[in-house]
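Take a look at the structures below.
One chain, chain A, links the two complexes that follow: it is found with chain B in the first and with chain C in the second.
Then we have the complex of A and B:
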């Protein structure tokens, strides 16, 4: 599938919002990949951190939403510390999470979570998780 | 001044203001007898119009607005003086600005009005004629300084070449082979070094530094400090018998302090950098010499057939007078320790260290081995942009040559170790020189050099191997690899001590310490001080081709100056 890139996607409200919340200029990332090379959580991500910021630069919100990356990010800030361009990617990740949460969409259906899983999860994690992931 | 003419230049590139209004406003100013807009004043027909108007209107003051006074001032001034006025009777003023038409127009009127005041207040400059001392000082004996020295000396003028180490040659002579043609410096640079050493018009002061510079173009006075070598170089015949018997073994600065197995890269306390040194004269390293540290030994003294060893030698000073100076002080590499996430390890090298290991004239005679254990490395990872293009932790600029020398070394390594494998981690491959892209393609297709696109995040030792954490952003995969040897493409910095040197010369440097040229495109060989010229990496990172071109260019500037017998120095008069 071809992606559509236009003035609208590049300067969309989504891009503006990510930049405003994270206080980062997305386009200063020059895609060297060092964030991905050093990310300790990369093994569990379906897209690399450098790919996420690329998608954000291009305003491709849906592709970011489809990936698990922003939820796997542990905010360890290894990427932010090593970024040659001084982009605080951890804050960009946080902004992306916030934007998603503020959509007030149920990301999980509580009744559908299997009993066994609930039994395994600590309560704090469940409460925190529901706060983040439900409307 | 009572009859001032104002010439408002107006070309298509400058159609951003209402020139009619500007001319109208200016023509009302006192003493302005002529104000008009012209097209393309910088071209010959425009200049003719200026000349004619000066004569017809009997002007005694001229104000010209142009896009860039820096570039146009000289032709404008020539036109005005050709029409019989003195240079100070003209002012050029830049009225470009980037706002709306109305604001631009207002600003232009303001700028012209204040330039009119300046014009009226201007006095004829004080002119002094200085006879040119037709000798040149070249600072730095790398390939830039060598090229400049030879070209000026061949032009018939005397050259004094000051080099701070004890041989000329610079960094180039340390390399194995040079891209893109793979000729070895020992073949292509040594003839130039020898020529420089033998040339009747060139005096080399090696192991010397600039102490003080005064004066100006045509007549600089320079004090040179000759460091104490503890060897009388006039008596010494370069037989090097002194070195053979010298007991200490010391890590060598020429070998980048490489600590190779069996002390292959060590030197003695009395030493020459390499077998092709020019001049071929040793120095004693006082910090390691047994006589200086323990009070006994003097083996070199006994070995010397010419009685040249002189433990009492002191530093000395030479004072010279020159008409021009060429600065060719070159570069240094950013230290590896600057990148904290890349471990310091014997098998993690920077570029010049690996050049020494690849070099047939190097400590291992070109046999590729690891410094840690002397084994042949079977896998080598090359890392681009170490410190370069990293405004956060290093320098923001691209060092320009690392892409090329890393692939060169990968290729040379493959030629030495046929069953080896190389990887180059890169962000962008920059190969803009002639034959450079073809060189990279050859390395990839014929020599199995594998490029991986992503900046490396961490390098550390893991047992016998060096672990590299990288990424291949093209596949979107993270990479972890264990290799035998790593080579870092460290950023190029101006040579150590550049600030002090620039201060002594009174020339400008940029925020990184590179010497600033007068105009980045049009006057790249001139420094901010007349009579002082720049060549090579002291002005910015560049390859040998560009360095040599700039060395020759700086020489041509000096030769053009020396074609005259005197310079006229103009100083602004003060009331």
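Then we have the complex of A and C:
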């Protein structure tokens, strides 16, 4: 993957915002790939979790937004417990989701969910999903 | 002995089989689970954001409810409730400033001061009762039943709230061994089932579930045992579709640990509400002669 880096994105508000919401220091990540190796959902992601944090370090917000990764993450926290650098990547993923969700953009259109699905799913699935995937 | 108990929403609806069997089994072990008065939703998923104290109100309010009863300990059965209550508790106890903000905002009659302990029922079984005592009380040993304990995510991660070793838990193994079952270890025991992605990406969840189920079946498990009602729904409800996409797959029952505990203690199988399980476990349990009246 070819990316363009610049001091403009590197020192952007985006990086500060991600670090403030996640309470993580992005540059701590040294790209070992342990998070991606253990991610149970990475088979469905177009960019791996380790690639997302690299893009976040560089402030490349648009490249992160183009990838489905943060919306496929199931918040299982496997990446965070295995990170040798102590980066809580689940929190970084959450911060990246919130930056979009706080603009009132939903990933799940609740009124479009079929009635049968609502009747079938347990509350824990719906409330959990709505909280992670909607504004 | 009585113990304050926080049920959460799913145990009152889709997972009545978990709740009913747990209350009966704990009573048989001498612990009365007393439902917390005026409990509210725990928030289901813990907010990972550093600037969202608002999302901590729901769990902390429940902890105040525990204090109002004069108690200092609350047990959960649902893994998600456990995780959310435990993490919110940890957040406010380690961060007095946030605790103060939350207390000020809530305007409850009493403040929360970090003085309630959140435990999962498996911990109560291990730490308050003990495997040996449980083994002594078994009336119907689960002999010949090959069960694969599946822990999922929220009992084990993050490390600060894990009820057992993060990567190599044995707590459910130990319980099932005490009940006389043949415990099957499998590599997906702590892997995520896809969780709430069932509402937005059900196909990906199906793939996860197939990996988990087929792994347990390769190890010759007759059934999978768990604690989480979301794992239960994903692992159970997805099976109909998986039977169509994998012609050799005939289904595998998913049971709550509380159901097997109640059965092994010799309680009336009716209390286990086995008819509510997504994949009927009764033929399997009957074949092992475990459904004695």
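The criterion applied here is as follows: the second predicted complex is superposed on the first by the 100 of 135 C-alpha atoms of A that agree within 3 Å, B and C clash if a C-alpha of one lies under 4 Å from a C-alpha of the other, contacts with A are read in each partner's own complex, and residues count from 1 in each chain.
FYI, contacts are C-beta pairs under 8 Å (C-beta built on N, C-alpha and C of every residue); 3 or more make two chains touch, one makes a residue touch a chain.
A quick note: this is a predicted structure, and the numbers were derived from the prediction, not measured.
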Touching partner for A:76 - first (chain B), second (chain C), both, neither: second
First, second, both or neither for A:31, with chain B first and chain C second: first
Touched partner set for A:60, first chain B, second chain C, both or neither: neither
Which superposed partner A:125 touches (first chain B, second chain C, both, neither): second
Touch count on chain A, higher of chain B and chain C: C
Interface residues of chain A shared between complexes with chain B and chain C: 43, 78
In the complex with chain B, residue positions of chain A that touch it: 30-39, 42-43, 47-48, 50-51, 78, 82-86
Footprint of chain A on chain B - complex, ascending: 341, 385, 389-394, 427, 453-458, 469-473, 476-479
Chain A residues within the chain C interface of the complex: 20-23, 40-41, 43-44, 71-72, 74-78, 80-81, 88, 90-91, 93-95, 98, 107-108, 113, 117, 120-133
Complex contacts: residues of chain C adjacent to chain A: 8-10, 13-15, 41, 43-45, 47-51, 55, 78, 80, 153, 157-159, 166-167, 191-192, 194-201, 204, 207-208, 229-230, 232-234, 237
